[in-house]
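In the two complexes below, chain A is the common chain; its partner is chain B in one and chain C in the other.
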Partner chain A sequence: MTESGRAGRVRVGVDAAVRSFLREPVQVAVLLVLPLIVIEGYGYAMTAFPELPFMTESAETMGRLNGAIYAVAFLTGVLGLFQIISAQLADERLQLCGYSRGELFVTRLATVVAASVLVAAVSLAVLAWNVTVEAPLLAFGALAAAALVYGLIGMLVGAILPRALEGSLVLVFLVDADDFLSSGMVDIDTAAVELFPLYHPHNLFQSAVDGSLAGGRALATGAYLMVLLSVVGVVYVRLTGNGGVFGE
Partner chain B sequence: MPNIKNRVRNGDGSLDGKTVLEADGVTKTYDSLLPFVGRTVDVLDGADLTIEAGEIVGIVGENGSGKSTLMQILVGALAADDGSVSVDGTVGWCPQEPLLYDRLTVRETFRLFGTAYGMDDDEIVEARDHYAELLSFEQFLDYRVDHLSGGNRQKINLSVALMHDPDVLLLDEPYTGFDWETYLAFWSLTEELTEQGTAIAIISHFVSERERFDRIVELADGELTDVTDEDLAASGGPGSGAAAEAGPQSPGVNAGD
Partner chain C sequence: MSSVARVSRAFEMGLREYARTPVLLALLLFLPAYFIGIFVFVLPTSELPIIVPGDGQQMVATAELYGVLLVPLLAGLIGGIAGLFLMQTASDADSRLVLAGYRPAQVITARFGLLVLASIVATAVALAVLSIEYVPTSVPIFVAASVLSGLIYGLVGVLVGLVLGRLAGVYTMLFVPMLDVFFLQNPTVDEKLWVATFLPGHAVTELAVDSGFSESVALDPFVQALAALAVIGTLATAAFYRATRVR
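Moving on, here comes the complex of A and B:
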């Protein structure tokens, strides 16, 4: 098949995936409303938290920053999971009709990228209402990266464990623990924390908010995303269509 | 009626008697990776099947006999544990449950699957309009799939299997939920297709009008047996009794939708 032919197939697939996503208004509304609730909720909940010496911002602001990261990561994580499992059987039929798994992966990824951009923009807008963001573009990039990291992890969980409840539970615990341990709210003296998916986006985001602009974090975030993208792509192509490792 | 002696695909009589699908010793066992979960079920145990161009074959069997598993293996949706399947030509598969994208419209569904088959835009539109007219769903082209009735969804399911004019058609309970007019249109279509040389296998619990089939094979105990010449009515087997006296009350067919 020619490159233009393949591009046309991917375009039709992306078009179908995005239309399917947008035609679930409640789903879209949740993506728009939940960041507001989570960010403001986290901020309010943290007002009573003591201000510890290693904290760079007030507890309330740190609560809002953590809330923003949590909101984008969890929402796109669940979306990534359901991109894989919600139409699993129809996807298998589409593969038998001629789409390659690689092409299907690209169409699902495109929807996750679009959702990542959307929730990152909404979350930044909500955050900027109460918090001064020194470098908004970089902050947007960091939030979008955090969203995309967990969108990919959601797709990975969906490929390995294609079950709605179990997959969602895995993501709840993963995002919660990752967000807390990567946040700087607690002083963790181990290098292992740097391997957590949200560690680099979190630090990049914080530096964009306070203006310290940690450029090295941007490189680390990009590298992490590239590695993760490759791993998820390989796992998706190898496992989907076979029912995952722990499928029905 | 199927006309196996008069099949000519695209005017080429050389297809007469040509085997287009061959399954040899297909074996399948369902098992679980996890301990203490489920049980081992031997579904297929050396099933053999050949289908020739222009032939229409009915595959019957009791509930749970493994008919749908067999069809999924024939189409490539499921891997066999042992044995082989070879297909000469393109395949169209109509699964028992409509495997479609609920939130796409009928028009978008044809575009997506037509693109998957490698058809260009004109071919997709031509096929879509042809089957929409034949199976009477023109008025639903802009409806979302999840807003269609079960019968209309099944029409789309079948049309998606047919739209690329495949050489081999594998249909799993294709007329479930059809009204009587559509049921008759379906059989006219199969007649037309077999005359062109398309090989068709239809899975059903019952063969309600056995004279429509060239051959009938029964799946029992994991093996396929040719029962075309058996008096199934006497044995109470598939296609027997009242079911053979087809009419608007044929199994799976609605008198009205």
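Moving on, here comes the complex of A and C:
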């Protein structure tokens, strides 16, 4: 098959996924409204917190920054999970129609990337309403990276555990623990925290907001994304179309 | 068949359904252990001042404070997600039971029993892991507070499941307990925000913190938690009744 033929098939796949998402207006509303609720909710909740010595910003600002990261991570994480679960049957049929597993993966990935960019843009716009962002482009990149990290984790959970209740439980615990421990709300001195998916995007985002621009965090975030992308790609391609069993 | 026998049969069938999905059972054991274990391992032992309702201001280790907060939180998270999915499946399977002669109240009692069990399992696993690092001062009251948290959020999940779809429901049940228990009810805060008093996690978190660090536990929060359970339970029962009624 030619390259343009492949690109056309991927476009059709992405188009179908986006249409299926847009068919439920509540989901679209949630994607747009939830960042506002989460960011402002976290900011409001943190207004009562004491200012502790290790905090780099006011508690309220930290709440908003944390809310922005949390919103993008859990929105795309759950979206990635449900996209894989709901696409399970469709993917097997598309495979019968001639789609390769690689094309199916690219299709799902493109949808998650599109959702990550959208949610990051909405979240940054909401954040900028009350917080001065020194480097908006970098902040957008950090938010999109955090969204993509959890979008990929959602896809991974969906590929390994393609059941709504079980997959949701795993994601709930992963996101909640990761977000809180990466938030800077508690003074953690263990290096193990650097392995958490949101640690580097969170620090990169914070540096983009305060203008300190931590370039090393951008590299670490990029490396983390690349490794995760490879793992998710391999697992997805091996599992798709085999009824959840590793195959050719 | 007697009413009790019907409820026990429906409860047993619900249990069998869970037993048929060993992955879910494994997750119910592993996730609380992971959640508590990772926090207790990573958080520092440095001390923070907190307000304990029955004992005034105390200095407690950060890991112990968040360990104590985590048990009702994760009971709430598991209960909430379980309640949400219970509602999502209710309109299909449970409507058939009602059609076959069950009264909605019998189905509701059996499902409520499953929520109680999920909350007890989540609390037991979480407390077992926490006790490696720290044992709450008044264990029975702490357990009651955590199970109540699971039940209250389980019923909130039932209500959310009625209003929102699966995706939006999971978002809600992921975000609300975390914001409520960890942020708005956090005992490091001197003066809580007014909205904190009206949230489902208020009384149970106060009770958990009190029983976690004090021997003289005030009973007011316990009464408030039971009242919250009664109010949310009434709303959830009405919602469940509506979802399972025969049209």
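Assorted remarks:
Everything that follows uses one rule, which is that the second predicted complex is superposed on the first by the 243 of 248 C-alpha atoms of A that agree within 3 Å, B and C clash if a C-alpha of one lies under 4 Å from a C-alpha of the other, contacts with A are read in each partner's own complex, and residues count from 1 in each chain.
The criterion applied here is as follows: a residue touches a chain if its C-beta (ideal position, glycine included) is under 8 Å from a C-beta of that chain, and two chains touch if they have at least 3 such contacts.
Keep in mind the model is a prediction, meaning the values are calculated, not measured.
When the two structures are aligned on the shared chain, A:98 is found in touch with chain B, with no touch to chain C.
By the touch criterion defined above, A:55 reaches neither chain B nor chain C. Once the two complexes are overlaid on the shared chain, A:9 sits against chain B while remaining clear of chain C.
In the superposition on chain A, contact of A:190 is made with chain C only, not with chain B. Of the two partner chains placed by the overlay, neither chain B nor chain C lies in contact with A:32. The partner of chain A that touches more of its residues, comparing chain B with chain C, is C. In the superposition on chain A, A:23 contacts chain B only, with no contact to chain C.
In the superposed model, A:90 lies in contact with chain B only, and not with chain C.
Of the two partner chains, chain C is the only one that A:171 touches; chain B does not reach it. Across the two superposed structures, the residue set of chain A contacted by chain B and also by chain C is 24.
Within the complex, the chain C residues that touch chain A are 21, 23-24, 27-28, 31, 34-35, 38-39, 41-44, 46, 62, 66, 74, 77-78, 81-82, 85, 164-168, 170-171, 173-175, 178-179, 182-184, 186, 188-193, 195.
Contacts from chain B toward chain A in the complex involve residues 33-34, 75-77, 91, 93, 95, 97, 99-104, 108, 111-113, 115-118, 144, 160. Interface residues of chain A, counted against chain C in their complex, comprise 24, 26-27, 30, 34, 37-38, 41-42, 44-50, 63, 70, 74-75, 78-79, 82, 161, 163-166, 168-173, 175-177, 180-181, 186-190, 192-193.
The touching residues of chain A, when paired with chain B in their complex, are 1, 5, 8-9, 12-13, 16, 19-20, 23-24, 87, 89-90, 92-94, 96-99, 245-246.
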